[in-house]
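I've put the structures underneath this note.
Paired with chain B in one complex and with chain C in the other, chain A is shared by the two complexes that follow.
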Partner chain A sequence: MTDASKTDAPDTDERVKEMSSFRRSLIRPELGGMVGTIAVFVFFLLFAFDSGMFNSQGVMNWSIVSAQFMIIAVGACLLMIAGEFDLSVGSMIGFAGMMIAVFGVVLGWPMWITIIITFAICIAIGAVNGYIVVKTGLPSFIVTLAFLFILRGFTIYIPQTLENKTIIGGIRDAAEGDWLGAIFGGKIGGGLFEMLGNAGVIATFERGSRMGEPVVDGIPMMIIWAIALIVFGHVLLTKTRFGNWIFAAGGDSEAARNSGVPVNRVKILMFMFTAFCATVFATCQVMEFGSAGADRGLLKEFEAIIAVVIGGALLTGGYGSVLGAALGALIFGVVQQGLFFAGVESSLFRVFLGLILLGAVILNTYIRRMITGER
Partner chain B sequence: MADQSKTPIIQMKNIEKHFGAVIALAGVSLDVFPGECHCLLGDNGAGKSTFIKTMSGVHKPTKGEIIFEGRPMDFETPRDAMDAGIATVHQHLAMIPLMSVARNFFMGNEPVKKIAGINFLDQTKADQVTMDEMRKMGINLRGPDQAVGTLSGGERQTVAISRAVYFGAKVLILDEPTSALGVRQTSNVLATVDKVRKQGVAVVFITHNVRHAMAVGDRFTVLNRGQTLGTAVRGEISPDELQDMMAGGQEMATLEGSLGGTV
Partner chain C sequence: MKNLITSLVIGAAVLTAPVAATAAGHSELKYVLVSHAPDSDSWWNTIKNGIALAGEQMGVEVEYRNPPTGDIADMARIIEQAAASAPDGIITTLADFDVLAGPIRAAVDQGIDVIIMNTGTPEQAREVGALMYVGQPEYDAGLAAGIRAKGEGVTNFLCVNHAIQQPTVGERCRGYADGLGVELGNSMMDSGTDPAEIKNKVLAYLSANPDVDGILTLGPVSADPTIAALQENGMAGDIHFGTFDLGEEIVNGIKDGTIAWGIDQQPFLQAYMPVVILTNWDRYGVLPGNNINSGPGFVTANGLTKVEEFAGEYR
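Moving on, here comes the complex of A and B:
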């Protein structure tokens, strides 16, 4: 910006109020998520500090839960900004996990082939979702609702037909020593945690066969995936031209088309990315549990959408932030686990969640109106 | 004022457009010179929209010829016309209120820079260009990240016009840009049209408001029931005459009498 006094034309408009840089830097889509995160942490630091929630094990506990939410929230966030929903995320998680069990355990394929094929199938289903939405012009709410049932149905039917049961175990054995399996199911930083344990920074086991080992022996790949997806999503959305197309496709698809944005391609790709995120979630989960169950991922689509909305995204598209969605997922995870640590009756979790959702959405609406001049 | 010795950048010759049994355009001719503002006037249903849609590649003419920069043109899609340098700014703008001015300005044409072999959005350039272009048009933004939703209707028109010009429009078709605006905003848009014209862009300005047309127009073509009622040069025609031509003369005179000359 040039100095107003140096130019002939007045550089300021008397109707535009001066805004302090502090206020300007504060008014951003993530503000609601930031306020919520601070509030939640203050609350649990006050009421659950002595419960073990903030020692190494406790931190790892809610970090993993938050990371799970983050993985699916990133996909749901980008898709929502592009103007669409995917209600089949939860079913996709169950379906992807079951595919891994069927290929890797029942058919006995090598784990890396199993994982690659599962990803290919699930991303293709995401593309079908997107293609139907784009070509028919039907609301994605309806199309993906159909896939919610279709995929869940197959997730129950396939293991029952093949094995006469709805849970297939033995995945950990099948993935033993597999390089791709380790990328989803392994842990990293073991040496670092051993050092921290020896230095007394984090607690160690005091008896039993693992005596002397640190209670937290590494960072699960789930957390690494969450961070990687957040960074990828954030950079894609804010630093690339494709990101501009995502905003444009969701903001006004007709205006975007008139300006030469390939709206259909953007939307289909976002459906595929959402499916990718769901499959990452499912793969990490079956590696951790060692089994695939037909009821896995139930209601996850709503949890993802809630995290995204807490994070400041507009349900109708065109506005939102990946960082906000990640904070929304963090709030979600911390509240869910924190209430457990604080010894609160677990059914109250839903009450808290509802209150946070309502509070965040009201705050976000207010912030968004300040930014976009909506009335 | 356009230099009449130059060749027109676009010539529409005897354009006819039939939709089934309906004859929307029955042989309309019009030419536009670079740096000229050619006003296309006509009442609702006169064929203005059909005509400019033919010009911008949305419709193919049933009969007639389009000559652009001396060559006959056959636009298959609006994209062809856009690539040739014919841009349309519609009443309903290609603007997204939730997005920033800079993001809107470059929507579909984002500048990129390579970092480590990956194409990233060149935000610095986008911001710089947006601020510069907006200042040229007399709009002072709080910042390039200001949302389009915070701009007034007239300012949005101006953003759309300057975007079209920045991306190389040689012919700019403005479809009733002032019809939904207040007095002050209208004069801002008309001032923008004037600036654009002085840069050598040919402007086709569609309106049914004679006063707006008289304010910026170099030549005026009136459409009525799918036909041209003739083209007049600025200074050779009075606003009243234009008004009469648009409305179809006789009936309007009677009506005007009964309304005491207020229309």
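Moving on, here comes the complex of A and C:
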């Protein structure tokens, strides 16, 4: 009798619903993001194909804008899955950039020390954010909103007090030849692009000191950082025990705590990671542009949250995907720059963004119900 | 799924309308104007009208682009984007030389003609390889305002700065202080851009500093709430009040005596002239030999009719 039942049903479990492998591979949190990405690219291929959007310069343009969104979206995504928000991301970007300018230019410290100290300060502020949220039980919405103002205020006050101005330049000169500066502000693959330029695959400059050089002369480190952070975030979330803790902390923190998940530690670490991502964004930006301004990063926190939500994460936590957030960021970047290429009146960008957000959220809700089986 | 498709279709309909409209024109030349102004800054409406009129008269296509939040780093991306779409010319402001010089120089090297308008200096325009600069040198305009205000009896002033993040705009306050011959000190106020906040900050400053006898505002964003503040505390017409730029409220203020004068940098010219110059340069190869100063021009209660008629539209 026991033998018979074993042979009849070797590996099946009546609690697990049967699902075809096709359906299982299709129905994922990222599905909405994938559908949206395809739709957006089809749209712009139809309406902006010959506008320069898909030549080397155009591709680099929307890639780097998307990469910017991706860097902050990865942090925002993990934090949101852990059940919290960080509204101070945009102010943190401005603040981190200004710290680099103050230490590196005004005080004249070596760039690598400057960058390391800036990271330490910003991650510490992230930890303070997390600590206050965890200890007081206040909504992170309010706590980080406070830091949105505090950091923005300092970003304006510090350079005004020290230098009597709100934009500090000269960072590029200060970072010249610095090894850590190059990791954020450099470009790689220069030789390859030069070859492509010589072969006539991509356009070259027609005049000036850079005549004959390709118009795109390498892949900026910003894009490499974006890819690295996405891979890190995805592996952390889906392949490790810590990833399960993130989901648990955001899904039902009380239940997670009772089953031994260090919820507080997870949340504080995620706030620190979000601050880290914002600082990466800021460092890449000041290294590329050579100046830090008090208005940098305005509203970036919402852009990060929008990318994450387009990518299928749930605002209330416990559900989401880093790959989805990355696709959300890609959609955001392609639409923002693509509308310029398509020659659309720029004030319509917000209309379009709103429509995408609404469409994505509705679609994602259906996909989530399919996955989780909730009604 | 269906919802996404529906929303995309709606989006496509919204998008194709303006695309179709521009494609229908008989234009051969295409120019892009890139500004640093956030969507909320209504002053730039005059610029939009200026390029629309110039485009219509010259028979060319001119597009207006700006970073929605006013983030200069985003503006650099827009200039790179504009260069990638290969227009015949780019008209742009130089709000932060460090950030924008690279992208502008790359566009110039790519073979695109560039004119710097509004923000920047003639020297910086030359340095990035632009054809010319069309605008009002900020410090000089502030200095002229300060000298004039000194003659009109101002000794102690408040400068209401609604754009503290833009150093070039702050130069107006510095020039004004130098024109008066006093230290800038704490006279420059970071007012923010919210009208109610500006109004209350001005009220608070004036009651805390009763010896202030002159106010300078840097545009409609700070001038309109300041007018309201002065009307509330009864100092309207009593305290000397000068402002940069014009707008409907400012014109009314000049008329009823609240404002002594408005400094018109004539934004219309900053938008209109570059389009005309670029078109003639591309068509016939002719180019004026110098930069163009669009301002400063002092607008007082005399001769307000034209200003009033076109305030917010072309003035």
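A few points about this structure:
Methods note: the second predicted complex is superposed on the first by the 352 of 375 C-alpha atoms of A that agree within 3 Å, B and C clash if a C-alpha of one lies under 4 Å from a C-alpha of the other, contacts with A are read in each partner's own complex, and residues count from 1 in each chain.
Heads up, the rule we're going with is that a contact is a pair of C-beta atoms (placed from the backbone, for glycine too) under 8 Å apart; a residue touches a chain by one contact, two chains touch by 3 or more.
Keep in mind the model is a prediction, meaning the values are calculated, not measured.
Contact with neither chain B nor chain C is seen for A:Arg152 once the two complexes are overlaid on the shared chain. Judged by the touch definition given at the top, the superposed model places A:His234 against neither chain B nor chain C. By the touch criterion defined above, A:Gly318 lies against chain B but remains apart from chain C after alignment on the C-alpha atoms of chain A.
Legend: residue contacts after superposition of the two complexes on their common chain; A:Lys267 is shown touching neither chain B nor chain C.
Once the two complexes are laid over each other on the shared chain, residue contacts for A:Ser51 go to chain C alone; chain B is not touched.
In the superposed three-chain model, the partner touching more residues of chain A is C, compared with the other of chain B and chain C. Residues of chain C touching chain A in their complex: 1, 3-4, 6-8, 10-12, 14-16, 18-19, 22, 39, 63-66, 68-73, 76-78, 80-86, 96-99, 102, 105-106, 108-111, 129, 164-167, 170, 190.
Note for the complex: chain A touches chain C at residues 32, 35-36, 39, 43, 47, 51-53, 55, 57-58, 60-62, 64-65, 156, 160, 165-167, 169-172, 203, 205-211, 215, 285, 289-291, 293-299, 337, 339-352, 355-356, 358-360, 362-363, 366. Across the interface of their complex, chain B is touched by residues 1, 9-13, 16, 19, 24, 238-241, 243-245, 247-248, 251-252, 255-256, 258-261, 314, 318-319, 371-374 of chain A.
By the touch criterion stated above, chain B contacts chain A in their complex at residues 78-79, 82, 90, 93-99, 103, 106-110, 112, 119-121, 123, 131, 135, 138, 140, 142-143, 147, 149-151.
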